[in-house]
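The data blocks that follow each hold one structure.
Both of the next two complexes hold chain A, though its partner changes from chain B to chain C.
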Partner chain A sequence: MADVELRALTKEFPGGVRALDTLDLTVADGEFFALLGPSGCGKTTLLRTIAGLEAPTSGQVRIGDRDVTGLVPGARDVAMVFQDYALFPHMTVLDNIAYPLKIKRQSRPERSGRARGVGANLGLAALMDRRPAALSGGQQQRVALARAVACHPSVFLFDEPLSNLDARLRLEARTFLKRLQRELAVTTIFVTHDQAEALALADRIAVMEAGRIRQVGTPREVFGRPANTFVANFIGSTPMNLLPGVVSGGGVAVAGGTLTPSTITPPTAPGERVIVGVRPEYVSLSTTPVDGALTGEVSIIEHLGAVSLVTVEADGALIGATVPEDREPVPGSRVWLSPAPGRVLIYRESDGELVT
Partner chain B sequence: MNTFLHTLTDNGELFWRGFKTTIELFLISAIGSLVLGTLLAAARVSPVPILRAVGMTYVQVLRNTPLTLIFAFLVFAGPKLDIGLEYFPSACVALIAYTSAFICEVVRAGVNTVSPGQAEAARALGMTFPQVTGQIVLPQAFRSIVPPLMSVLIAMLKNTTIAAGFSVVEAGAIPQYMSERGENQFATLIWIVIGFLLLIAPLVTLQRTLERKWGVAR
Partner chain C sequence: MTATSVDARTVPAGKPRGHVTNRRAGVGRLAFLLLSPSVLVLGLVIGYPIVSALRISFVKTTEGIDANTGLITRTTGFSLDNYTNIFTGETGRLFWNAFWNTTTFTVTTVVIETVVGVCMALIMNRAFRGRGLVRASILVPWAIPTAISGLLWRWIFTSQGIANDVLNTHVLWTTEGIQSWLAVVIADTWKTAPFIGLLVLAGLQIIPAEVYEAAKIDGADAWRTFWRITLPLVQPALVVAVLFRMLDVLRMFDLPFVLIGRGKMSTDTLSILAYNEMSNLRFGPAAAYATVLFVYVAIVAYVFVRVLGADIVGRGVGRSK
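Presenting the complex of A and B:
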C-alpha cells in the first residue's frame, strides 16, 4: 500500500522528443487512477517510467516513502500488466503466475499454493495447466492480472488493460477490473486512450497532451467542467459543442444568436473573444420557437441507441443536441436550441482555458 | 559384393575406432559449441557494450577463418605459445571455437524472434538480465531455431573429418589406413558415407521430435 508521487518528471528521448515535460502528480494510496490522452501524449511513457522500464531525464518518482527513481523495476514493488499481456508462451498458466514468486525466492509449495489461490479467485482454476496459446483473449487477460496480483505489489500499473478485448468482453472485463481493484484496494494507475473507460473505472483522471497534464480530477469534474478546450474536446462520447463567440452587453453572441445571463454567467471584458462549450446532452431541442434560444436547421441525425444526436446548422456553426429516441425532428426543419442553465462553459479563445 | 562386405568386416576394429573417435569428437564439440555459442549470443544482446563488442569480434574473427587454419594454429603454433595440447583436445577446441561462432549467430537470430515485450515483462517482474535471458528469452528463442541449429551441428559433424589431417584417428582418417593395408578404396569410401548417414539419422530424428514437441508451445 503506497501513494505515488511524481516530481518535475521529464523524459526526453534521443532526438529531442519530450515525452514528459516537468510533470507533477500525486496518486493517493488505494486510488484507481487513469492516465488519459490521445496517442503520443506521453501516457505510456509515464507509466513505463513509474515501472522503471524507462529512466527519466530529470525529476523524481516516489512510491510510498521511497525515492525509486534510480531503482530497477524489480526493486520498486510494482506490478505491471501489459497491453498485449506478455504472457510467457512456453510456460503453463500456473508457471506464468508462479514464476515471479520464484524470483522473490519463495519455496515451490508456497508459490504454487499462492498461484493456485489467486488463479481460483480470478476464475482460472480449470485452466492452470494450459499454455497461453490455448486461452481466449479474456482468459489471457485474467492470467496477466493474476500474475500481477500474485506479486502483492504496492502499486499496479496497467497499460491499456482492455484494448485487446473485443467490444462486448471489454465491458465485462471493465466491471471485473473495477471490482478487483476495490477488493484489493491497491493503488492502481492505468493508461487508456478511451475516455469512456477512464470515466467508468477511475477515481481520478489525469488528461494528458504532449507530455503535460492538462487536467486532473474526478470523472465528474473532468466530464462536467473540463478545464480547457482540449479536455472538453477529448472527454465525452459525443463531442462537446465548442462555438466561437464574442462577449457583448449582458451575454455572449454566438451562432447568430445571443446567450443571455439567465443561462450563463458572462465573463468580465465585453468584446472579448471566447469559446462557448456545452455538451449535446445539455442542449434541449424544440420544434416550436423558444425565447432566447439559438435557432437553425436540422442537418444530420445520428442514432446512438436510446438517444439520437441531432446536428443543427445555426448561422454557419454546427451545434449538436441529443434527443430521446422517437423524438427526432425532421431533417431540414427549423428548430430552437436552449442550453441547460448552469451547463454552459466559457473558455478564453486565446489560450483555451476555462473562464467560468 | 563379397569384397565390399569384407572391406568392412576385415577391418572392423579400424572402422570402430575411427567412428568412435568421430562420435566423441562430435559430442564434446557439440555440447561445447552450444554452450559457448549461447553465451556469445547472450553477450551480443546484453546491455553491456563491452560484452557486445567482445561477442561481435569473436564471431567476426572465428567465422571468417578457415577451420583448417584454426586447427593448424592450435596444433603447430600452439606449442610455441606454451598452450600445447594433445591432438584430440586440440581438435575439440578448434571445432568448438569455430562452430560456436555460427551457433551464436543462429541463437541471436532466435532471440530476435522473441517479442521485446517478453523481456520487458520479465524485467518488470523483477528478473535480472541473466534470468530474463536464461528463463524467458532463450527458451523461446531455441524453439524457433531448431532447423538451422541442426544444420550447423550436421555441418560440424562433417567438419570433424578435418581432424584426420592433424593426427586424430577418426572416421576421416580411415581411408589412409585402408590404403596402407591395400584395401579397396572405393568400398572404404562407401562404408564411410554409410557411417556418416547413420550418425546423422539420430540428429534428424531429434530435430523432428523437438519441432513437434515445441511447435505446440507457441
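Presenting the complex of A and C:
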C-alpha cells in the first residue's frame, strides 16, 4: 500500500519528441486513478515510466516514501497488466500466476497454494493446468490480473487491460475490475483512451494531451465542469456543444440569441469573445416558444436507445440536445432550446480555459 | 480411382448422401491430378535413386576366367556380401573408425555450434548502432562454399600458418591425429554456427517484447529470463536448427576431404568411405556404405523428432493435462 508521487517528470525521446512535459501528479494510497487521453498523449509512456520500463529524462518517481526513479522495475514493488496480457505462452496458468512469486523465492507449495487461491477467486480454478493459447481473451485477461494480484504489490499498473475484449465482455470485466480494486484497496493506475471506462472506474481521472495533464478531478468534476475545451470535447459519449459567442450587456450573444444572466453567470468584460459549452443532456427542447431560449430548425435525429440526440441548426450553429425516446420533434420543424440553469460553461476563446 | 467412381454410380442420384460421396470422389480425383506432377518428380529424383542404390548394394559382381574358353566371365547376382564385408576384417575396422569419427564430429560440432549460434542470435537480436553490419558479417562464413572455406582453413592450419603463428606452436594440423579432428571441428563450427544463429534469431524475433517486460516487472534477472523465458520460447526454432545441423554433419564429406584429405584415421567419415569405394568403381560396396549411412541418419532423425519434436507440438497447442 503506497501513494505514488511524480515530480516534474519529463521524458524526451531521441529525436526531440516530448512524451511527458514536466508533469506533477500525486495518486493517493488505495486510489483507483485513470490516465485518460487520445493516442499519443503520453499516457502509456507515463505508466511505463512509473513501472520503470522507461527511464525519465528528468524528474522523480516516488512510490510510498521511496524515490524509485533509479530502481529497476523488479525492485519497485509494482505489478503491471499489459494490453496484450503478456502471459508466458510456454507456462500453464498456474505457473504464470506463480512466476512472480518464484522470482521472489517463495517455496513451491507456498507459491502454488497462493496462485491457486487467487486463481480460484478470479474464476480460474478449472483452468489452472491450461496454457494461455487454450484460453479465451477474457480468461487470459483474468490470468494477467491474477498474476498481478498474487504478488501483492503496493501499486497496480494497468495498460488498457480491457481494450482487447469485445464490448459485452468489457462491461462485465469493468465491473469485476472495480470490485476487485475495492476489495484489495491497492493503489491502481489505469491507462485508457475510453472516456466512458475512465468515468465508470476511476476515483479520479487525469486527462492528458501532448505530454501534459489538462485536468485532474473526480469523474463528476471532469464530466460536469471540464477545465478547458479540450477536456470538454474529449469527455462524454455525446459531444458537448461548444458555441462561439460574445459577452454583451449582462448576457452572452450566441447562435442568434442571447443567454441571459438567469441561466449563466456572465464573465466580467463585455465584448470578450467566449465559447459557450453545454452538454446535450442539459439542454431541454420545446416545440412551443419559450422565453429567453435559442431557436432553430431540427436537422438530424440520432437514436441512442432510451434517448435521441437531436441536432438543431440555429443561425448557422449546430446545437445538440437529447430528448427521451418517443418525444422526438419532426425534422425541419422549429424548436426552442433552453440550457439547464447552472449547466452552462463559459470558456475564453483565446486559450480555451474555463472562466465560469 | 476406379473404385470410387463405381461407388459413386451405385448410390442413387438425388439422395444427399450420394451427392456427398460423389463430390468427395470428385475432390479426391482433382487432388490426385493436381498432386501427381509433384509426386512424379519426387519419385524420380528421390524415390528412384534410393531404390536403385538399395538394389545396387545387394548386387555382387564376380569376374573370372572361364576354364574352357579362356574368356573373362562376369556374373552378377543377389548377395549380402557388400554388407557383411563392411562389418568384418580390415574394412570393418575402417568402418567403425569412420562411424566413430562421424558420430563424434556430429555431437561435438552441433553442441558447440548451438551454444555459439544462440549467443550470436542473442547479440544480433539486440538493438544497437551498426547492427546491420554485425548481422551481415556474422553470416559471411555461412555464405562461403565449403570447399573454399576448407581451403581457407587449410591455409590457416599449415605448419607455417596463422594458427601456429598465433598460438606459438608447431602443430601439424592437417596431417593425422586428434589435432586434425580438432581442425575440422573448428572449421565446421566457424562455418555453420551462423546458420543456427540465423534460425534462432528468427525464433527470437517473434517473442513479443511485452513478455520480456512482464518478466522484468516480476523482477527476473537476465540469467533467469534467458533460461525460463527466452530458451523455452525459442525452443521450436532451435530444435529445427539442431536437427538440420545434425543431419548435415552426419553426412559430412567436403570439409575433411578438402581440409585434411581422405584416408586419415582421425577424420575419415562414412561419406568419405563411400566415396573411396565409388572412386574405385566398386559401386556395390559404395551403395552399401551409403545405405548404412542412410539408415543411421534416419534413426537419429527419428529419435530426435520423437524426443524433442513431440514436445514442440505439445507446446504449440497448449493441451490440458
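Here, the second predicted complex is superposed on the first by the 356 of 356 C-alpha atoms of A that agree within 3 Å, B and C clash if a C-alpha of one lies under 4 Å from a C-alpha of the other, contacts with A are read in each partner's own complex, and residues count from 1 in each chain.
Quick note on the criterion: a residue touches a chain if its C-beta (ideal position, glycine included) is under 8 Å from a C-beta of that chain, and two chains touch if they have at least 3 such contacts.
Predicted, not measured: the structure shown is a model, and the values here were computed from it.
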For the three-chain model obtained by superposing on chain A, do chain B and chain C clash or fit? clash
Who does A:Ala79 touch here: chain B (first), chain C (second), both, or neither? both
For A:His90, using the defined touch cut-off, is the partner it touches chain B, chain C, both, or neither? Pick first, second, both or neither. both
Answer with first, second, both or neither: which of chain B and chain C does A:Pro100 touch in the superposed model? both
Counting residues of chain A in contact, which comes out ahead: chain B or chain C? C
Is A:Arg130 touching anything from chain B or chain C once the two structures are fitted on A? First, second, both or neither. second
Considering each complex separately, which residues of chain A are in contact with chain B in the first and with chain C in the second? 51-53, 72-75, 78-80, 82, 84, 86, 88-90, 99-100, 103-104, 131, 133, 147, 151
Which chain C residues qualify as touching chain A in the complex? 208, 210-211, 213-221, 224, 228-229, 232-233, 235, 315-321
Residues of chain A that touch chain C when the two form their complex: 51-53, 72-75, 78-80, 82-90, 99-100, 103-104, 127, 129-134, 147, 151
The residues of chain A that touch chain B in their complex are 51-53, 72-75, 78-80, 82, 84, 86, 88-90, 99-100, 103-104, 131, 133, 147, 151
Going by the contact rule at the top, pick out the chain B residues touching chain A in the complex. 115, 117-118, 120-128, 131, 135-136, 139-140, 143, 216-218
